[in-house]
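Structures follow.
First chain A sits with chain B, and in the next complex the same chain sits with chain C.
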Partner chain A sequence: MVQAKAQRESSPLLSVRNLRTSFQVEGRWTRVLNDVSFEIGNRQTLAVVGESGSGKSVTAMSIMRLLPPATSRIEGEVLFRGRDLLKLPSEEMRRIRGSDIAMIFQETSLNPVYTIGFHMVETLRQHRNLSAAEARREAVALLDKVRIPSAASRLDDYAHQFSGGMRQRVMIAIALACNPKLLIADEPTTALDVTIQAQILQTLRDLQAEEDMSILFITHDMGVVAEMSDRTIVMYHGDAVEEGETRRIFAAPGAPYTRSLLAAVPRLGEMAESPGPSRFPVIDRATGAVVTPAASGSVPDGSAPIVLQVEDLVKRFDIHGGTFGGLTGRVHAVEKVSFDIREGETLSLVGESGCGKSTTGRTIMGLTSPTGGSVRMEGREIGSLGRRELRMTRRRMQMIFQDPISSLNARMTVGAAIAEPFLVHKLGGKAQARDKVAYLLERVGLRPDMANRYPHEFSGGQRQRISLARALILDPKLIIADESVSALDVSVKAQVINLMLDLQSQLKLSYLFISHDMAVVERVSHRVAVMYLGEIVEIGARAAVFGNPQHPYTRKLLSAVPVADPDQRGQRRVEAGELKSPVRAVDFVPPGREYREVSAGHWVQLADNRSW
Partner chain B sequence: MTQVPDQTPIPAAGPVGGATRGPWARVARDFARSPLAMTALVVLALVVLAAVFAPLLTPQNPYDLMQLDIMDGMLEPGSPSAAGGYTYLLGTDDQGRDLFSAILYGLRISLSVGVVAALVAALVGASLGLFAAYVGGRTETAIMRLVDLQLSFPSILVALMILAFLGKGVQNVVLALIIVEWASYARTARGTALVESRREYIQAADCLGVPMSRIIFRHLLPNCLPPLIVMATIQVARAISLEATLSFLGLGVPVTEPSLGLLISNGYQYLLSGQYWLSFYPGIALLVTIVAINLVGDQFRDVFNPKGRG
Partner chain C sequence: MILWLLKRLLQAVLVMVAMSIIVFVGLNVIGNPVDILISPDADQAERLRVIAELGLDQPLVWQYVGFLKAALHGDLGNSYVFNQPALQVILQRMPATLELAVIAVGFAALVGLPLGLYAGLRSESWLAKFLMAGSILGFSLPTFWIGLMLIMVFAVQLGWLPSGGRGETASLFGLQWSFLTADGWRHLLLPALNLSLFKMALIMRLTRAGVREVLPQDYIRYARARGLTERRVISLHVLKNIMIPVVTVIGIEFGSVIAFSVVTETIFAWPGMGKLIIDSINVLDRPIIVAYLLLIVVVFVWINFAVDVVYTLLDPRVRLGEKGSAR
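On to the complex of A and B.
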């Protein structure tokens, strides 16, 4: 008896052997998982990491048997506490789901017409046979457990009354309702801001210790892996290319693919020594050999001419409401933002969602008209220009968008899309346009004969290259990149960034790089401006802002970034808190702000008594 | 499928096939997947060809009185003509008019009225809808309230009022149908354009200094076409049936240019006295045409709507 118990203690909680999953696509069976095997011990966290299409989510869905049985086939063994889940009758499997094994996803799946309490009470009564009153008490206890402030009073709120981070906490609380032994978390923090992500990760870690459960953590983010997991599996095209202790994988990656993946991950703090941006090293994913080593990008000298000058830029959006559609408030999206960018320089705007960084870019570009302030492009005030001159000046700056799918017209060939601005600005004839398109396609690493294809034939990274080529055809001086690499996989992201850096040094381009990703920003920028609620709270040389952050919000942001280095885990704690809203009453007058110069060119907003 | 090797180290190279195909080629391929829709398309093509080449396919011109023989009046389907030479496949009416010929000639009127009305309505409605969406503000409100007003009246009522005012005639029927139908195109076009104009490629075109008219016609319109094509197809069928209804009620096309609806109406009085064929066969022709158009339209909707595919 005692022996049997001991044996159960030592045997792994979940042991997956030769898991093979195939999908039926148009009548043919296609293998998407090849003999994946791993084990998760008690209280262990296993991370499954990989890029899109690597099969990491399919692994989780296969374990839970959540794939449609008609079009999918799962083979192998999934032993959960010694029982093979793949052989259980579906009725029994349903009982295990949600009680012994719980799952949380990237998108929270709360029905908007029911209260949070309803969701939780329903789950508790179903799985644990509690009375209504008991279930309610238990629900409050669970919300407390996932650190939702004043849990009892929030039980009767609806999902939309919670922020994204709070909703994810509710989902975790529901998952915990039946004391699961295993929690499968599929990209649970991908849609969240970094500070919120840090809080959720911390909560998960704390809960793991309290609840004595194991976690299967699926993610694409090496930083999150380093932060969370004891063991890691690296997936690539349906194969587990490497499995092992997380520390070991980061310190000495064995598989060539792991090596190339890790090389493409920016690590916060690794750039402290160099003043300029730096290319990612390129590593062959088949052999693991270094193709091109990391290299520093160019650094413009102080005498380079100023390309863009933004002064006291203000953008507010009116909110109308009430019976007669009167003005009820204003969104202070951008509040007195000033900066300038020199030739060949990259200035990054960083901040979390809703901080006004995208609106700043769009206002500079003229996609929305500013409420106040001035934007000067190469010395010419944009607001004062006539239509014709405005068009001429606009040619000098271009924008690259986030979504590689929707930023190209699906019904135009790539060549026609790139050539269009050239032709409508009458910069030359059709033959010249064709030559220039071919030249630019080569320049961004594609082939000239690809001009006759349609956007759907290209991958996300290739489409961002096409967008770059389209922006470059007007020979701009400044490119505004609005989260341009955020939607790309790690390795593709590294390649597009390398391309952007190459173009910068060859063409003396200036970039306004708008991003929420601190690690990428550290890699690409010369200077950084941190935005919070529409204002720049800190601006300066990249090395100064990252190395010597002065503003409390900058510090908070930096400490929230998961660092792709397991040795640095758990050294930082992030205070719980939500991003405040930039919506103000109609008569709100923004307070005057003062800035202090920390070192040459490094300015920080004097903190008021807001809590950060 | 030959995999094109990527020169650059882009691992996630898309599924790049050998031949390049535009979005419309994909539509054609997806369309051909449904045998039912393909059958409907073939039937529709046959109907259209029959209508276009009616003079070559019919034994007589049913509206040339010189070719009619009063002695052949009210013959049952399959009767031989008195003068010999041909068989009245679908019978004759009281004036000895061959019903098969009358149906093919009627199809010409019905189809051309339906197609012209639906296309002109689509052109007018879609332009107004796109314009409203892109311009916004008061113009948009004015156009869209007009649409609401138009759509709040039953279409048959509006058409009857217009025809009562203008009198019979093919042009008047077409005009009435356009006035009845433009509003729904405008609403659909505006809805789609509102969604599309927020997409990044429209903003990108804005950034690149592409002029407004070009943005509307080169970028916005082609991407708003799918729902409009579906609608236009189904509206052709609706226009044909509405025209048939109007003609049946005696307010549609004149007797000299009889459509299928008018044929049905003419035969209606004989329906209970044994001469069923006078209404029955034109009715079948109308039914087949409308069902075929609707099936084609349904398939278009499935092809264009990725969510509809299971």
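On to the complex of A and C.
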């Protein structure tokens, strides 16, 4: 008896052996997990990391037996506290879900038509013998535990009335409802801003210590892995290619795939020495050998001509509402933004959601008309141009978006899609267009014969290459890249960035690179502008801004980025706080801002009394 | 909310005014009711006397203004045929149509929803496929044909149910209702079934489509991951999310049954409003037609209003009377 108890103490909480999952696709069984085995000890955190399609989510769903039984088959053993979950009757398995093993997903997973209190009470009462009133009291206590302010009054609010970070806190509170021994977190912070992500990760770490639970953390983000996990398992195409202590995996990756993955991860701070952007090293996935080493790009000198000049750009959106639909406020999306970009230079706009970085890009492109200020493209003021001249100028700048699926017409071959702007601008005949499309496809690393295919036949990374080719067909000087690589897997992201850097040095392109990802920005930019609530709070050479951040917001942003280095873990603490809103009253007059020059070309907004 | 209500009311009044103008002008074009009302051998003096009595000697505009004035006092004119206030004639027939509509739509919802739910949850089973195939028949077979078949099978061949009429009625709120007596129910069954088949098929298909759409959602996976029973997941988390389109269709169909149950009422000799309006059009009984159409507008406005209110109960993200607020 005593012996058995002692054995349970020492044996791992969860032990997965030879987990094999197959899906039935069009009548045929296809294996998606190949003999995955791992263990999680008490109070341990195991990260499952991999790119899309690697089987990391399927692993979690298999453990929980949440896959549709008719079209999936799970084999192997999942021992949870000594019992094989795969052999339990389904009713007993249901009782384990949400109580002994809790799960959290992306924060959008709350049912939109029920209050969060409803979610909490139903979970509590499903597993614990509580009256409705007791369950409500318990729910308030749980919300307090995850630090949701004025918990009692928010119980009857719906998910859409919370911010993303708060929603994720609610989900964590629900997960804690029955004191789970194991928490499975499936990409819980993927859609959150960095500062909010840092807070959520902090909360999870704190609660893990308090609640004495183990965590299985599924993510694609190596930075989050380094931040959170004791042990890591790297997945690739349904195989666990490497498993071990997180520190060891980062320091000395064994499997070739892990090596290629880590090589593609930008690490904040690694660029301190070089002034220009730098290519990612390319590592062969099969052998682990370095194919092309990292290489620095060129830095345009001060004599290079200025391509784009933005001065005091302002964009406001009116909000109508109230009883008579009158003007009730304004979104100050972009407020007196000024910068310029030289030939062959990359300026990055960074900031969190709602900071106005995308609106700035769209306003420069003329997709929305500015409220004030001036935009000069190669010396020509865009606002003063006539229709024809505007069309001519438009050719000189092109935009690529985050989601190439929705920006490419599904019913048009990619060849036709790339040629379209060329023909619309009447730059040549069809034969010329065809030749140029073939040339450009080759240029972006695709084959010319792919022109006859349709967008859905390409992967996400290839589609982004096609978007680039389409932008390049007009021979632009400037490309505005709005979160263009954000949705791509790490290794694909590295390839597309390498391509963009190559094109820049060959064609002397200028980029306005809009991104929320600080690590990528550090990798690709010559200069950086940090935006907050529509204003640029700091701008300067990339090395200066990252190496010597002056503005409190820049510092906060930098400290929130998860660093893909386990040795730097836990050195920073992020204070709680929500993103502020740029909505202002109708009569709001933006205060005048003053900037101080820290070093040559490195300007910082003089801090006012706002708290950061 | 109150402002939204007022807006709604104003819209309703405008629709009613527009409706009455269209009807007035339209009817004037169709023909002269005097030709139908007066026997052909009446002399000219008699003819002029009737025309003056009905107010048909006035120009159309004045006729309309007179109608509006009276309407504001709740008087929609007297029926040329029944010589009673038009509104009263219609309201006498209304209970018959109302009870038929409520029972038909209720029946469609009570059968269509569970079947649709089943077909959505077990979409691969042969029963689900059979149901979906059957629902196509429900759409495509014409109502009058199904009505005739029902009469032939259940009334003529089997003799189980009567073929027409309202049967025994009982009084409630001073109106006569069939659903209060057993005999009334026997009479109601066939016409109600006939009316509900189309709607049943519609609700079933909508429910199925909704279930197929909701099941892969994150919040369903999350509900299961929280260890909720499958019954709870379906009856609370799935059902509430698919109700918006279903409620919309139930509302529209309810209105259309009240307004356009003419065919069924005729086949089953059901003395409802549908039969009345057809008769009135035949004899160009203008006040009845105008009053009827205005009443139908009121009915639709109220149904839409009710549906909108139900929306807000179903989905908290729907807010009445707000537009264009930021994000």
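Annotations for the structure displayed:
The rule is simple: the second predicted complex is superposed on the first by the 606 of 612 C-alpha atoms of A that agree within 3 Å, B and C clash if a C-alpha of one lies under 4 Å from a C-alpha of the other, contacts with A are read in each partner's own complex, and residues count from 1 in each chain.
Note that contacts are C-beta pairs under 8 Å (C-beta built on N, C-alpha and C of every residue); 3 or more make two chains touch, one makes a residue touch a chain.
Model, not experiment: these values are computed from the prediction.
Steric overlap between chain B and chain C is absent once the structures are superposed on chain A; the two fit side by side. The partner that reaches more residues of chain A, of the two candidates chain B and chain C, is B.
Once the two complexes are overlaid on the shared chain, A:T108 sits against chain C while remaining clear of chain B. In the superposition on chain A, no contact is made by A:A481 with either chain B or chain C. Look at A:V310: by the touch rule set out above, it reaches neither chain B nor chain C. Judged by the touch definition given at the top, the superposed model places A:A185 against neither chain B nor chain C. Once chain A of one complex is fitted onto chain A of the other, the partner contacts of A:C355 are absent, as it touches neither chain B nor chain C.
With both structures placed on the common chain, the touch criterion links A:Y454 to chain B but leaves chain C unconnected. Of the two partner chains placed by the overlay, only chain B lies in contact with A:Q462; chain C stays clear of it.
Once the two structures are overlaid on chain A, chain A sits at the apex of an angle of 30° toward chain B and chain C, using CA centres and rounding to a multiple of 10. After superposing the two complexes on their shared chain, the closest approach between C-alpha atoms of chain B and chain C is 6 Å.
When the two complexes are superposed on chain A, none of the residues of chain A touches both chain B and chain C.
The residues of chain A lying in touch with chain B in their complex are 51-53, 282, 284-285, 291, 365-367, 391, 394-395, 398-399, 401-403, 406-413, 420-421, 424-425, 445-447, 452-454, 456-462, 467, 470-471, 474, 489, 491-492, 495. Remark: chain B residues 7-17, 20-23, 199-201, 203-211, 214, 218-219, 222-223 touch chain A in the complex. Looking at the complex, you find that chain A touches chain C at residues 64, 66, 70, 94-99, 102-103, 105-106, 108-115, 119, 122-123, 126-127, 158, 160, 171, 174, 317, 319-321, 323, 325, 329, 331, 583.
Listing the residues of chain C that touch chain A in their complex gives 3, 124, 218-219, 221-229, 232, 236-237, 240-241, 314-317, 322-326.
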